[in-house]
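Shown next, in C-alpha cells, is the structure this report addresses.
Naming follows writing order (A, B, C and D), and every chain is counted from residue 1.
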Amino acid sequence: MLSYFSNPARFEAFARWASPLALLVLFGCLAFGIPMGLYFSPEDYQQGHTVRIMYVHVPAAIMAELVFGFIALMSLTAFVWRHTLADACARAAAGPGAIFAALTLITGSVWGRPTWGTWWVWDARLTSMLILFLTYIGYIAVWQMGTDENKSARLARIVGLVGFINVPIVKFSVDWWNTLHQPASLLRADGPTIHSSMLWPLGLMALAYIALFSWFVLSGVRTSIYEKQIARRAQPLASRPIKPEQMAAGDQNG
Amino acid sequence: MKSICSDKVSLQCDEVACARGGVMVVGGVSFAVGGGEAMLIFGANGAGKSSLLGAIAGRIPLMEGTLNWAVNDDVLPQRQFASNIAMLSHDGAIKTGLSVEQNLLFWCRIYNKPRTDLASIVERVKISGLEHRRAGTLSAGQMRRLSFARILLADRPVWLLDEPTASIDDGGRADISALIGGHISDGGLAIVATHEALDVPHRSLRIG
Amino acid sequence: MAEFFAMGGYGFHVWTCWGLSGILLGGLGIARERRLRRTAKLAKQHDERAKREEPNP
Amino acid sequence: MALRRIVRAVAQRDVVLSLAGGGGWLQGIVFYAVFVAFMAFAFGPGEDALRRAAAPTIWLATLFAIQLAASEMFIEDIQDGSLQTLAVEQTSLLGYVIGKLAGVLIIVGGPLIVAAPIVSIMFAVGATNLAILLPSVAMGALALSLAACVASAINAALQGGGRFTAILAAPLSIPVLIFGIDATSLAIESSQIWSVEMQFLTAMTLFLMAIVPGFSVLALRLGLE
C-alpha cells in the first residue's frame, strides 16, 4: 500500500479527498461530542462535574501512546523499505503526538487537584507519560537540529525505533518503582464503571481526536512534499553542473 | 612486501553524482581506473573533490550513477571492498595527545601489522628521530608525513588521498610524489584529490 | 446558564482542560493549515517560474 | 579475531590518551566528588537522611559523570578524522563502538565504582561489607554508558555539540536508575546482591547491550556522510 503512495501526485490526490473527510468526521464528532461531554452526560456520583475532564483527557492519553506507535511503525517502514513518505508521516505525527502527551499531563494534573488534592503525584501512569513526552521532545529535536533533511530523517528513524522499544520498559519499570515507593491509596483501579451515557461522548471525542490526527498527518505530509518540490526547483541555482573533462587514454604526463 | 598488489583492483564509475547536505555538488562523473594507475582529481576549493572522493570511498552515498569496485574483475560490494582501501582524509587521523610512535602503534593494531614495520615506514616518510615527540608538537608538514606513514602501514592496494600535499613544502611534495609513484609501479591504484600537480605519471579528472 | 459554567464548583478545572485542549490542538491545526497553504503557493510559484524560464524542456 | 583486536586497540588508545593529556579520567572523578559533596551539604549532616540518600547520590553522581564524559565520546574522533578513516577502511564500525564503550567504562566507570563504597562510608552507611554494593553499581555504570553511547552517537551525527545527549539518553536511563537505586539500597540495607531489582537491572543492561552498538554504528555512519 505504501509503494502505491510513493508517487507524491498520487498521495496528493488521496489527500484531496481524505483531508476533507477527516475534517468532516472531526467536526461531526465534535458537534455531538462537545455538547454531550459538557452538558448532556451525567455527572459522576463520586467525581461530580470533574468527570467531564475525562472526555478530553482519556482520548489525549490514548492518542499520545498510539501516535508513538505510529511513529515507530513509520520509522520501521522507512528503515526496511527506505520509503521517504514514511519519514514524512512520522515527522508530521511527532508534533501532534507531543501535544497529546502534554495535554494528557496537564488535564490529568488539573483533574488530580480536586480529586486527589494534589496537582501531581509520581503515579506510574503520570510518570511514564512524562517520560513519553520527553521521548517526543527528543524525537522532535532530531528533526529540528539537523541541517540535512535526509540525514535527520534517517537519524529520526533510529530515535523512533529505540524510543518505542523503550516505552514498555519505561512503563514496566515505573509501575515497579511506583508500587515500591508509593502506597496505592490515591488511585483505585475499581473506579467508576463507565456507563453508556459517558461512553458515548468519550467514544465520540476519541474518534474526533483520531480524525484530527489523521488530518494533521495528511497536511504535514503534503507540506513536506511541497517543501521538497521547492527545494528541488531551487537546487540548480545552488549547485554548479559539473562537466568532467573526457579522459583520454593517453592523457599521461610527468 | 607488495604482495597485496598481486590481485588486480579496478574501479568503474558511471555518471556518478553526489550531494552534500542534500545539494548536488558533483555530477556526471564517469571514468575507469585500475591497478598500476594514478588518477588525480583536480578542482578548485569547494568544487567537490572531497565529496567525490568520499563517494568513491563509500562514505557518501551516491545520488545518481553506479560505482563498482572489483578485485580480479569480481565486483565486490563497497563494504566488503573496504579492507582494500587506505584512506588519507583531509584531517590526518592523528591524535595530538599521543606521541608519533603511539599514534602509529594504534594503527598497527587496527591493521594487524607487526610493530617491527614501523622503523622502516618512519624512515620512508622521513620523520625518523621524531618517534617520541608528541604529535601535537609537530609542524604541519611533519603531521602530514605522519598521516602518510599510516597509509604505508595499512599496506593496501587502493590509496584514496585527499590533498596529500596540503601544507607541505616542495621537498615534501617530491617525497610524496615518489611514494605514490612507487605504489603504482608496484601495481597499486591511487586516486588523489589535489589542487596542485604531482610529479607522478597520472590520468587527470577535472571537476568544477 | 451560570450553573452550566460553574460545573458544580469545578468550572475552573473543567474549562481549563477543555479550553487548553481546544487552544493547543486548534492552534496547531491552524498553524499547519497556514503553513500548508503558504508552501503550496510557493511551490506553484516555483513551478510557474520554471515553466517560464524553459518553455521547451 | 578482528573484532576483538579493534576493540582492544581503541580502548587501549583511549585509556593512554586520557592518562597522557587532558586528564580525561580525572574529569569524571572530580565531578563525581564535587557532586557527592554538594549532595551531602544539601541533605545536611543528619545521619538518617544521609543514610537514605546514599544510594540515590551514588547513582545520580554516576549518571551525570558518565553522561558528561560520554556526551563527547565520538566528537574528537570525528574532528581529527580518525572515525572517517576507520569507517572507510574497516568493514564494520562495531569494534570501534565497543572499544569506545570499553574506554569510557575504564576511564570514567572504573574510578566511580571504586569510589562508591567510600561515598557510602561518608553517607553514614553502617554496613560491615561495603563491597556488596559494587555489583549493582558496576552493572549500572555499564547500562548508563550504553544509554549515553547511543545518545552521543546520534548527537554527534546531528553535530549537536553535546546538547542533546541528555534528552536523548533520558528515556533509556530512567529505567536503569529506577532499578539500580533499589538494587543498591537493598544491597546496603539487607546485603542482598542478587535481588529481583538486580535481576531487572541486569535484564535492562542486556537489552541495551543488544540494541545500542548496532544503532550507534548506524548513527555514526550517517553522521559521516
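Everything below uses one rule, namely that a residue touches a chain if its C-beta (ideal position, glycine included) is under 8 Å from a C-beta of that chain, and two chains touch if they have at least 3 such contacts.
Because the structure is a prediction, the values reported are computed rather than measured.
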* When A-C is set beside A-B, which has more C-beta pairs in contact? -> A-C
* Report the inter-chain centroid distance for chain A and chain C in whole angstrom, where each centroid is the mean of the CA atoms. => 16
* Between chain B and chain C, tell me the centre distance in angstrom, where each centre is the average of that chain's C-alpha atoms. => 53
* **Inter-chain centre distance, chain A versus chain B - centres from mean C-alpha coordinates, in Å** => 46
* Where the CA atoms of chain B average out and where those of chain D average out, how many Å apart are those spots? -> 36
* **Residues within chain D bordering two or more other chains** => 225
* So which stretches of chain C touch two or more other chains? -> none
* To do: Would you pick out the residues of chain A that each touch at least 2 other chains?
  => 147-148
* Please list, in label order, each pair of chains that touches. => A-B, A-C, A-D, B-D
* Sites on chain C touched by chain A in the complex -> 4, 7-11, 13-14, 16-18, 20-21, 24-25, 28-29, 32-33, 35-36, 39-40, 42-43, 46-47, 49-50
* chain A residues within the chain D interface of the complex -> 131, 134-135, 137-138, 141-142, 145-148, 151-152, 154-155, 158-159, 161-163, 165-166, 169-170, 172-174, 176-177, 180
* **chain A contact footprint on chain B (complex, rising order)** => 21-31, 47-48, 197-208
* Structure fact -> In the complex, the residues of chain B that touch chain D are 54, 57-61, 79-80, 82-83, 85-87, 89-98, 102, 106, 109-110, 112, 134, 136, 150, 154, 156, 160
* Structure fact -> The answer for chain D against chain B in the complex is residues 2, 5-6, 8-9, 12-13, 16-17, 20-22, 79-82, 84-92, 224-225
